[in-house]
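First subunit A sits with subunit B, and in the next complex the same chain sits with subunit C.
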Partner chain A sequence: MLYSTKTYQTQKKLTNWVRTGSNPEVPGTVLEGLKQYRRLFRNNINNTMEQAFPISFEVLNKEQWKQLIDDFFAHHDAKTPHVWKLPFEFYQFVNKQKYSSKFNMPFLNDLLHFEWLEIEIFTMQDILPEPYKKTGDLLNDRIECNNEFQLTQLKYPVHLFAAKESLKHSGDYYLLSYRMPETYEVKFIDFPVLHVLFFEKICNDRMSANEIIKEISDQNPSVDKKQLKQNIEEFIETMFSEKVFLGYSETYQN
Partner chain B sequence: MEYWKAIVYPAHHYSKTPSLQTSITPSLHYSNYKSMNKNINIGLGFRREIADAFLNQEIMPDFIEVAPENWIDLGGYWGDVFRKVNEQYPLILHGLSLSIGSPEEPDWDFLKKLKRIIKQFNVKIYSEHLSFAKLDNAHLYDLLPIPFKEDSINHIVKRIKQVQDFLEMPLTIENVSYYTPVDAEITESEFISRIVKESGCNMLLDVNNVYVNAFNHNYNTHEFIDAMPLEKVSYIHMAGHHKLNDNLIIDTHGEAIIDPVFELFDYTLDKLGRNIPVLLERDFNFPEMNELKLEMNKLRNICLKHQDQNVVQY
Partner chain C sequence: MKKENTKRTILTGSIIAGALLTFSVTTNARPVSQVMGSGAEVRTEIIDLNINSSVNNLLELKCGAEEGSSKKAEAKPVKSDKKEGKATEAKCGEGKCGEGKCGGDDSKKSDKKTTKAELKTEKKEKTTEAKCGEGKCGAE
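What follows is the complex of A and B.
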């Protein structure tokens, strides 16, 4: 750094003013101009978060929202050069600083996460699938999954109920968020735990339906194999119709 | 600045298909979208709110300009839009986050991504602001004025050289608008001139910013233009602004260009003695496309006045 210590300290005072609105004694400045920077910069942050988290903005009262924005801008050192990724840092900040407890809104972290997920999936970089064919053997062939997804565990079902209503339904919820090929629409599917297992075996472990049935039956001899087969067939058919599964793999042959 | 306009909302957050404008005014000439026009190049900032108008050629600038921060790493719908628009128009990059006036080292990871985009789309101009937008690696997402001082010059010249060496191309540095000086020891014009000359970078001359700063800080626009290193000016920005009160103008890019700024542009071209790419910046409060076309035509007509001058190709 070739700045003098004095110049560096001046820059620090200026950014401190912009971020906190306190101590406007920045050398060689005009207060009226300084105020514009504080106003403009804070508006940027506020508008970005208001647009990224429209539901949270509605749920929180004005004072709570203002506190989050002011605290975030003042105390969080934003890492990303991409302002459209900043809402993720905001979500992390709120989570880490335990505002859900401070505001007595236990669902707040899940709500922010849910809202961020939609942006994250919508904007995530393209992950093209391996070659696949449209027809195949549902039980024996490997399935090619849509790679543009996230599987998330939530305590409060903010994806199923209004935020405050979700308090009455706390539990273990599994949310699949994914991007539709071609239309780029973001969709959400609430998974029961058995479907999480099916999904992970098929998409992560690249197992066929029959291999999954065998593995589960071997580990749990009392399981009703006929019912299990019916469950996994229905699951796979639904996932195909919802474009979560795209086709039968040409890379992974039996 | 277009920072907060960069948010890329999915379905319920934001309409992916802004309503289409229907009326079309024939423009003077828009014939070559693959390479910039050999005579006069009038560009328009590519913004998501008006993306469809570019893609369906309702409006057809000679080139487009984007902030790389708002497009790098994007997939899905907007990634697809970005690929398509780059097949139709030459691209200039105008960065927001380089923060050449920051005390810390440049963000090399970001610059690596930037270099890939520059090569991928054969970008000939990458411009940035003579300002700082982060301190101690904390981004602020807008532009702060640098103290006009000797040590600032030394620091920024070194930074510009580092970035130019890395990107293997000249950086084009823009004069920014500012609402207060900060511990200034020399004039703004001397500050800019010396940085441009000592670093070997090019200059993006934002004519609206000259007007805004001259109003806010009470100096003469023509004298300021005369004092610029005009031989290094390779790109011009034109934009509208908002007069907040009798003492202060804010550089918003949300209004039409006013006549005194057009006049200053005319004066600038006369002093430059050549035509260079000119961008109309509009970041929000978008009017009918016809109005933007009229503004672009007005810029083109002023350029035509100076067409006998040497033409510098992009």
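What follows is the complex of A and C.
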């Protein structure tokens, strides 16, 4: 049903009041009621963000947090109708509006991103693995990965240190976030860059450990092959125990 | 239908070269992945680190700092006071939209460690249950 122009204008005034707290002249309303309306809506936004970003909430002071919530509520036109997806838009808003510079907190974008990851991975679509077997040859068989993951590069290690401390350790950090099969619990692993390479070769390129060792050794003769082999074996064993790797790929023969 | 994870590759050639160079030059360096645990565990630990970090800052500030000059000094006791009560409060659906657990005032810090998990559980399981304000935190 189409709105009449009058209804549309009234609703515009109401939403403007609810979001900004300015111009409370909405026809047919009582100011005291309007105040409650705005309070309740704003509280919903605030608490959604507070639950989604508890670390950021701890790190920011009261005024900074209030400013983020007020600005987001007033100026961001949400793309999603789902309240639980709003934290992602909040993270994007903070990033785009450069609050990390305004607050002199260079780690802020990484921190919000890190906190959002848990929600994103928890709610991601199921990605079923190919058939796999539990036993196999660690060095020669192809490995079936848990596909419900995301690899993220962070500049500030907000997942390892207190936010302010992370400023002293800026660099390249690689965080694997993944969802445990069956329990749907989200877990995190901090990868050194070499293990990101192993991981991508195994899960993306579907290479076996021996193929990876050969490729790396061929391209970099100075690499100690024995140490490389030991390192990749330890890596694979750890990934199996953490359910990042599920098993060995089934091979079909026609 | 099998779905593909499309966000897979983040390493570039130069980063790979750097990693291998590090590995070959520093023969004693054994790159190790750090298993950090579940979201809840990591969150709890990082929040504690941040609290300790700000407490340390407070201790440093105390000498010569004016009373009330740090906002964190005011925030801390409030948080520990609120934790207990809010964590056991009833679900949002029992209050009005925006009130109580899912819509408490800014000043009321709830038990964030548990509520975040609840929020996510809510998303997973209860997204179609309630109208705005009747579900937890206004979930659809």
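Here is the rule we go by: the second predicted complex is superposed on the first by the 249 of 254 C-alpha atoms of A that agree within 3 Å, B and C clash if a C-alpha of one lies under 4 Å from a C-alpha of the other, contacts with A are read in each partner's own complex, and residues count from 1 in each chain.
The working rule: contacts are C-beta pairs under 8 Å (C-beta built on N, C-alpha and C of every residue); 3 or more make two chains touch, one makes a residue touch a chain.
The model shown is predicted, which means the values in this text are computed figures rather than measured ones.
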{"item": "Touched partner set for A:Leu228, first subunit B, second subunit C, both or neither", "value": "second"}
{"item": "First, second, both or neither for A:Glu32, with subunit B first and subunit C second", "value": "first"}
{"item": "First, second, both or neither for A:Arg19, with subunit B first and subunit C second", "value": "first"}
{"item": "Touching partner for A:Phe103 - first (subunit B), second (subunit C), both, neither", "value": "neither"}
{"item": "First (subunit B), second (subunit C), both or neither touched by A:Glu200", "value": "second"}
{"item": "First (subunit B), second (subunit C), both or neither touched by A:Asn147", "value": "second"}
{"item": "First (subunit B), second (subunit C), both or neither touched by A:Phe240", "value": "neither"}
{"item": "Which superposed partner A:Phe93 touches (first subunit B, second subunit C, both, neither)", "value": "neither"}
{"item": "Broader residue contact with subunit A after superposition on the shared chain, subunit B or subunit C", "value": "C"}
{"item": "A:Ala52 touches, of subunit B and subunit C: first, second, both or neither?", "value": "both"}
{"item": "Subunit B and subunit C footprints on subunit A, overlapping residues", "value": "40-41, 43-44, 47-48, 51-52, 54, 81-84, 118-119, 122-123, 125-127, 148, 184-186"}
{"item": "Subunit B residues touching subunit A - in the complex, by the definition given at the top", "value": "3-4, 6-14, 16, 69-70, 72-80, 96-97, 101, 103-104, 107, 110, 132, 134-142, 144, 146-147, 149, 151-152, 154-155, 158, 178-184, 216, 244, 247-248, 250"}
{"item": "Residue numbers on subunit A that touch subunit C, as the complex places them", "value": "39-44, 46-48, 50-52, 54-55, 57-59, 61-63, 65-66, 69, 81-84, 115, 118-119, 122-123, 125-128, 130, 147-153, 158-165, 172, 174, 184-197, 200, 203-204, 216, 219-220, 222-224, 227-228, 231, 234-235, 238-239, 242"}
{"item": "For the subunit A and subunit B complex, residues of the former touching the latter", "value": "1-4, 6-8, 10-12, 14-15, 18-19, 26-34, 36-37, 40-41, 43-45, 47-48, 51-52, 54, 76-87, 118-119, 121-127, 148, 179, 184-186"}
{"item": "Complex contacts: residues of subunit C adjacent to subunit A", "value": "2-5, 7-11, 15-16, 18-25, 27, 30-39, 42-43, 46-47, 49-53, 57, 71-72, 75, 96-99, 101-106, 109-110, 112-113, 115-116, 118-120, 122-124, 127, 132-133, 137-140"}
